[in-house]
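This is the structure I have questions about; it appears just below.
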């Protein structure tokens, strides 16, 4: 029967043993969006390079958070990412900033938690910088888009 | 004109000066939900106390993350929380775990980023523990519910 | 003559060079116990699942601390654990909670410091949660139980 | 009835609300000892100032760990220590290094966890530096010696 | 006689007691410069907003480092900055990027270490981003420019 | 044309992909000096072993900082150092403490940032311990001395 891998037979949390897993290239892409008032979105995107720091700060925060995933998520294995990128795109129709992240390494565990953490912290950082003008922003659609490498092979989100 | 407080006149990011703000009791509540397959939800909630660790781990991860908010969010002020709580409730109708957080302190800045960070990291921790059985989970509806104290007074989300 | 490996010829501390050590599976088990009043022990163990969080919190704290060992112990090498577990067992006769930890990885250095750190921080976390009712608790018998892998081979504590 | 303050009515862990506690000067002293082979103790203490780094490294590790207590112990409040000291004394009769720590601040919570964490991490650091010559060392007698300030007043260990 | 405040009578390091110091507004400004090849400087400054991220990343790294000063510098007190800013200015004549930082808080200790840490880490981050094209860059002139508040009053660098 | 590797085609910062780089032994040496008043230098160096802690504290701080480089420098890859050493030498003629660091590992990226971070934080720690007697100290000549391993081969500073 399928069961939760992070609990032992007595229901106690533990860090799953990956000692015997193969070292393969692993990659994951994740997503988040920050829905905001149209005026807030315009404030971020208008005005040319002077506003550039807003997206740069969120991008850096996401990259740094990916590296700290195993400190934040108690049962995550520590690992050494070989690539992290965080893209932020304004979407006027959704009145949102859409965030897509990519993490990669050669190792024994998947990196979807790292990709999700990068997306989430980039989103929280955007919230922080815009909250003085728009407290009602909502972070939504946080999910894994794609996952490659390891025993479970290639997984891609449906729909 | 309203503008983004975390950018100076040249568009450069900085940590806003709060030296002159009053020290008052400040409080914030935030929310997140993790939508999953009904089978995944049942796996978390069934089985009595042996499954208790799943929710306990997420709760602890959220509390600890609240304390580290200023390390994760680049322009957040360091602060000393005097209370943090993280509640996780299964919602069968939504097929989700609903997370509500509360942060409080007596200080010069609001604590909504801490409440949001607690909710988000608790949600990511749930994802981590259940991802082996359900990769398609989505974290959604991450938002501030309520905010008290400070110059901006009492704010509560609409609707 | 035998000497302290973490000091160079002038008595200066340094991080020992392990560049040429073989990568092998390494494992360590450590132990600690928290001696308390019988009433305190009963408070932790009685009452069914509602008290479950006490041991879960200590377990999680121990697992997380193992991952941060190289930040806490100045001359420890950073490493990537592939398994961590922390078991807590009440012992009525000793009026204590007994903690046993296990760490494992495939790497160039032993993991006994990680196992000891996990045991110690789990013990400190128990102290924290019970100190309001029992300030006189004592953490004792903190030691390595067993160590496998690497040049020094299999070591097990006597007696 | 007395109960564990870090659990709410449902047995869920939370960070206790100290918002209304008085700000007073608080102080705690803690203790730990590292029992070792007489040869190991002699190796640390003989040889004049060239061996000085061993105790200095343990002292610094203890001081730094005190500052990180709230990161290690999940339900500890973050706080700002105004003084930390860590003393290490060889005791030939016990064949041990005895560690005494002192923490102080003006704040809303006690600092015994910080004093205990300093003592414990100093002890672990000693273990780390001497483990190549003595794997059987035991850390023992980790306890709070004294606690001042706050509602519970002056507490001193018996015996 | 004047002596080093961070050592006690036996020459042992400790965290100086500031419990009795007055809480006043304290401020410090620090400086660093990164001297590089003229081509490297041009690569950073030319090309309009597309190169904007280089200076933004260094600025963010400096701000975040200021908040972590007490983790990096063993005997620094933890404190809660209320303002941090990091300015980076190209200086064609010196063929350098000049970094000026400002830290402020209301507290019991000075913030010159925080200002210096911000300047230094911003400089290291610039080095990191440009090292593929210019390994010979030198960080120089790292110093405190000015310090206000506290018992020692207003201090400003000579010359 | 040569360009900054940490920016993509749109000028956005990212963590460079090193997934395909060869694992080789890599090593770097870096340097920094802290120029101070002759009286300050004498205070550090005179007095025999009782002053030993000053240099020991700086040495430990440098070693620990090397391990945290990827947390401080946003686009640095996390890595596992296998050796770190930090040497501090008084230079009466320069009225300075001269710091030389060495980092080594077997991995996919160079370690010059780790060597620079160790040198810089050791220098800042010296500043911290002596600032009560000499606020005008200057950290200068922070640079990479030598770099070995990886595609770019052996690089040594000129002059």
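Order as written gives the chain letters A, B, C, D, E and F; numbering starts at 1 within each chain.
One rule holds for everything that comes next: a contact is a pair of C-beta atoms (placed from the backbone, for glycine too) under 8 Å apart; a residue touches a chain by one contact, two chains touch by 3 or more.
Predicted, not measured: the structure shown is a model, and the values here were computed from it.
Participant: Which chains are shared contacts of chain A and chain F?
Facilitator: Chains in contact with chain A as well as chain F: C, E.
Participant: Treat each pair of touching chains as one step and give the shortest count from chain A to chain C.
Facilitator: Steps on the shortest route: 1.
Participant: Quote the value, from 0 to 180 degrees and to the nearest 5, of the angle by which the CA atoms of chain A must be rotated to coincide with those of chain D.
Facilitator: That pair's rotation angle lands at 180 degrees.
Participant: For copies chain D and chain E, work out whether under half or over half of the interface numbers are shared, and give different or same accordingly.
Facilitator: different
Participant: If you average the Cα atoms of chain B and of chain D to get two centres, how far apart are those centres in Å?
Facilitator: Using C-alpha averages as centres, the distance is 31 Å.
Participant: Can you give the whole-Å distance between the Cα centres of chain A and chain B?
Facilitator: 16
Participant: Which positions in chain A are in touch with at least two other chains?
Facilitator: 12-13, 49, 52-53, 56-57, 59-61, 64, 68, 71, 74-75, 79-80
Participant: Among the chains present, which pairs are found to touch?
Facilitator: Touching chain pairs, listed by label, come out as A-B, A-C, A-E, A-F, B-C, B-D, B-E, C-D, C-F, D-E, D-F, E-F.
Participant: Which of the residues in chain E end up touching chain F in this complex?
Facilitator: Touching chain F: residues 2-7, 10-13, 43-44, 47, 49-54, 56-57, 60-61, 64-65, 68, 71-76, 112-113, 116-117, 120-121, 123-125, 127-133, 135-144, 147, 155, 157-158 of chain E.
Participant: Quick one: in the complex, what on chain D touches chain F?
Facilitator: Spelled out, the residues of chain D in touch with chain F are 48-49, 52-53, 56-57, 59-61, 64.
Participant: Sort out for me which residues of chain E touch chain B in the complex.
Facilitator: Where chain E meets chain B, its residues are 25, 56, 59-60, 63-64, 67-68, 79-87, 104-106.
Participant: In their shared complex, at which residues does chain E touch chain D?
Facilitator: Per the touch definition, chain E meets chain D at residues 8, 12-19, 70-71, 74-75, 77-80, 108.
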